[in-house]
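Labels A, B and C are assigned to the chains in the order they are written; within every chain, residues are numbered from 1.
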Amino acid sequence: MSHATVQDVAPAPAAPHEPLASKHLPRWAPAGIAVLAVVLGVGIGAGAGWHSKVQWGLISALLFVVITYVTSTAVEGKRQAKDRIATSVVWVCFVLAVIPLASLIWETVSRGSKAFSIDFLTHSMAGVASFQPGGGVYHALIGTLEQVGIATLISVPIGLLTAVYLVEYGKGALAKAVTFFVDVMTGIPSIVAGLFILTLVLMLGLGPAGYLGSLALTILMIPVVVRSTEEMLKLVPNELREASLALGIPKWRTILKVVIPTAIGGITTGVMLAIARVAGETAPIMLLVFGSPMINSNPFKDPQSSLPFYIWDQYRVGSEASYDRAWAAALVLIAFVMILNLVARGIARWKAPKTGR
Amino acid sequence: MAKRIDVSGLTAYYSAHKAIEDISMTVEPRSVTAFIGPSGCGKSTLLRTLNRMHEVTPGGRVEGKVLLDDENLYSSSVDPVTVRRTVGMVFQRPNPFPTMSIFDNVAAGLRLNGRYKKSELNDVVEKSLKGANLWNEVKDRLNKPGSGLSGGQQQRLCIARAIAVEPQVLLMDEPCSALDPISTLAIEDLIGELKERFTIVIVTHNMQQAARVSDRTAFFNLSAVGQPGRLIELDETSRIFSNPSVQATEDYISGRFG
Amino acid sequence: MAISTETSPAPPAPRKRVKQSTGRAGDKVFLGLSRGSGILLLVLMASIAAFLTYRSVLAISKDDTNFLTTFNWDPAAAKPTFGIAVLLFGTVVSSVIAMAIAVPVAVGIALFISHYAPRRLAAPLAYVVDLLAAVPSIIYGIWGALFLVPYLEGTNLWLDQYLGWTYIFDKTEVGVARSIFTVGVLLAIMILPIITSVSREVFLQVPRINEEAALALGATRWEVIRLSVLPFGRSGVISASMLGLGRALGETMAVATVLSPSFLISGHVLDAGGGTFAQNIAAKFDEANPLGRDALIASGLVLFILTLLVNGAARMIIARRKEYSGANA
């Protein structure tokens, strides 16, 4: 290095150039430290006689971060140590979060499979005392399918048309207001949606029925459908619209024949994700449909059950048999939601218009 | 302040695709070396291997050696972070940190390397902005965001940011391709001044620019699309543009292809 | 289309005009329909606000005490008294605990997926996180009540032992961990996937050239994140957090299954007791008389307003960010 010129042009204490080669922790260091931390954590936890594995995990995580920092500072210096500490904190976050979420799935599957059988799917709770084993979710499945089906029938056309309005026609104050309130609607808690329909029920003196639940679910579903459809319509390249318009095809036919078919994959995905979301809602059903142990396939009259409500109901009973049923129903519900999700995302990938990312 | 670069037997890949093959060349200190050649010939890839930025690209890997004076950048004990601090880079599109002020942009590299007193930072920022011929235009608004400047000013801000950490080498990847002619001229003048202090390597698509700013020019070519790029010849710029020793170079320069 | 009518007065025009008039009518109908459904949404929002307010006013006018400050819920009494003080406290405190745990961890996971995980792992991980965001809250609820509560008992004793002096973590009674704190932990786990998912999207949108700028200055991975990724993603993370907060505030079933409610405000978050708006509605609805239902609707109105404020704030942050990124384009 020619120090004279360095001094000429930069009298400020610019970092003196260290040699390029520097000391490193070996590549296996993070893994090694992780093992060490877990061993120490388990040792300390067992030694102190803590029962909760949560404590063991937290101690191990803390040890991991501290040991990493200390060894890295000693070997590699402060900056590298900071980088290492960030890396280890990020890993710890990931592991800490994966454990409860994996446990949730694991518990549902393992406890749910106890009471689960074909009979469970094909029988209702009619004539089964709540503390006894037996019975099933047939009536709740019917309820869920009908309630969610009606909600879908109402919210898809409204949501689609609104999204078309926003993307293809929307300008000015009305579109802005609609966009804003769609956002606001996304945030409405399900219980508030239920309460709103409840105010109508109280004023009109209606009895509990499945369709009332559907109406509440509609409020939750519309904004999701609008948002996802809007995103998809925006992805349709303008050239397609212009090509169609240039052929003298009216705008509404362009939208129906060109724009929507191009985006249909994404729209379907959005609708399915919305269905998956509302299928798990309990609160509105509790307020408006009341639940019932019997099979009631008429969604317009008398109480009905639904899967999430059934889980809640069985949980409330608090007996061994009802807990088993709650878990089994949870398994059914989670399977239903996951399959919808997987299929929806599959469609999205399969039909996706090719975009940058 | 400036170091010599010796490239030997360098091959770079994007996953399975070989982008450049078996490049060996020397870049002289305190001079401007221009890389020219048709699109896809790997000149930007080669540039990015000189400060280990190539491996940042997904699938990017390198075989061969790059010696900075006598140290191999790709030896296993070398930290790429240290390499990039020693070999600065200016990109095709100006990329100031959008959330930072002009001052903070220039000071960013220094702040990474340790704590500085405010007065020291002030000195370095002023020096670097003067070095990038930007000081007079921005001295009254150092606390405004860097993204508020014009494209040419932003690019000079990026140059100031790169030279603030006093690198040994400055790599420039088509630094003027997103700029208008007047800003381009300003940057070219600046390159002429900077070569007093730094080893400069510039990739350019513009042959007049290579002829104007560089001392030596390297011409790269590829035999067909999908084939790896190779170094065809490296010589004094005046020789390359008047009397190249390889026919392909002459064809390219005279506009017969590329 | 308008242009073609004006520029083709030539003989074939009449036939064309017929065709176009049907086009025009179709356009009108279609525009009417789509604009109509937009308007319908506005009407729906307005009526939600209006009806909830109307029933709430009915209820509050019969309330014998101050609706905002009363620590009691007894709308069936001869002199009905009910107030939301406890519910507001419980809702806010449990959500604050949830956010304090979930936001840092979610940002960590999002960074893990976007910048740290091996590439082969990143895509499936992102997918799994998205799936987890879809798990219904009632399932989180029974998992929380039957699995998490027993597991948290040791941790709670621990917190009491070492942090009891802070007053907040002082556990004054023995008993199972059906406390506001446990609710907060469960809510944190519930909102993790959604905050992670949105933050990850934002982190992936950081322009390459911004990250390369930091790299070329000789920044370590963490410094790249600090210089380029976090500043770019900050507003996105804030709005993701707000989204999560909105969910935590309005969550019904997960709270109702875990919490052992009482109408008391206690600063000791590890003690059982307290309540939230949504949980209280779920718990009291079955036995509520007509006034009781209206009282619950009134508490729901407060929850509605609370979530509106949080969501409004999130939208404003997003809107600001749009302007900001536009200026840089």
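Here is the rule we go by: a contact is a pair of C-beta atoms (placed from the backbone, for glycine too) under 8 Å apart; a residue touches a chain by one contact, two chains touch by 3 or more.
Molecules present, by chain and UniProt name: A = Phosphate transport system permease protein PstA; B = Phosphate ABC transporter ATP-binding protein; C = Phosphate transport system permease protein.
This one's a predicted model, so the numbers in the text were calculated from it and none came from an experiment.
Shown here, the protein chains touch in all possible pairs. When you average the Cα atoms of each chain and compare centres, the chain farthest from subunit A turns out to be B. Looking at which of A-C and B-C shares more C-beta pairs in contact, the answer is the pair A-C. Averaged Cα coordinates give subunit A a centre that lies 45 Å from the centre of subunit B. The distance from the centre of subunit A to the centre of subunit C, each centre being the mean of the chain's C-alpha atoms, comes to 12 Å. Mean C-alpha positions place subunit B and subunit C at a centre distance of 47 Å. Within subunit C, the positions touching two or more other chains are listed as 220, 223. Those residues of subunit B in touch with two or more other chains are numbered 82-83, 85-86, 112-113, 165. Chain contacts: subunit A has residues 79-80 touching two or more partner chains. Only residues 119, 207, 209-210, 212-220, 223, 227-228, 231-232, 327-328 of subunit C touch subunit B when the two sit together in their complex. Listing the residues of subunit C that touch subunit A in their complex gives 1, 4, 20, 22-24, 26-27, 29-31, 33-42, 44-45, 47-48, 51-52, 54-55, 104-109, 111-112, 116-117, 127, 130-132, 134-143, 145-148, 151-155, 158, 189, 192-193, 196, 204, 220-223, 225, 243, 246-247, 249-253, 256-257, 277-278, 281-282, 285, 290, 293-294, 296-297, 300, 303-304, 307-308, 310-312, 314-315. On subunit A, the positions that touch subunit B within their shared complex are 1-2, 5-6, 9-15, 17-24, 79-80.
Remark: subunit A residues 50-55, 58, 79-80, 82-83, 85-87, 89-94, 96-97, 100-101, 103-104, 107-108, 157-159, 161-162, 164-166, 168-170, 174-175, 177-178, 180-193, 195-196, 198-200, 202-203, 219, 222, 226, 245, 248-253, 255-256, 273, 276-277, 279-283, 286-287, 308, 311-312, 315, 323, 326-327, 330, 333-334, 337-338, 341-342, 345, 357 touch subunit C in the complex.
Here subunit B touches subunit C in the complex through residues 51, 53, 56, 58, 81-86, 88-89, 91, 93, 95-100, 108-109, 112-113, 147-148, 158, 161-162, 165, going by the rule given at the top.
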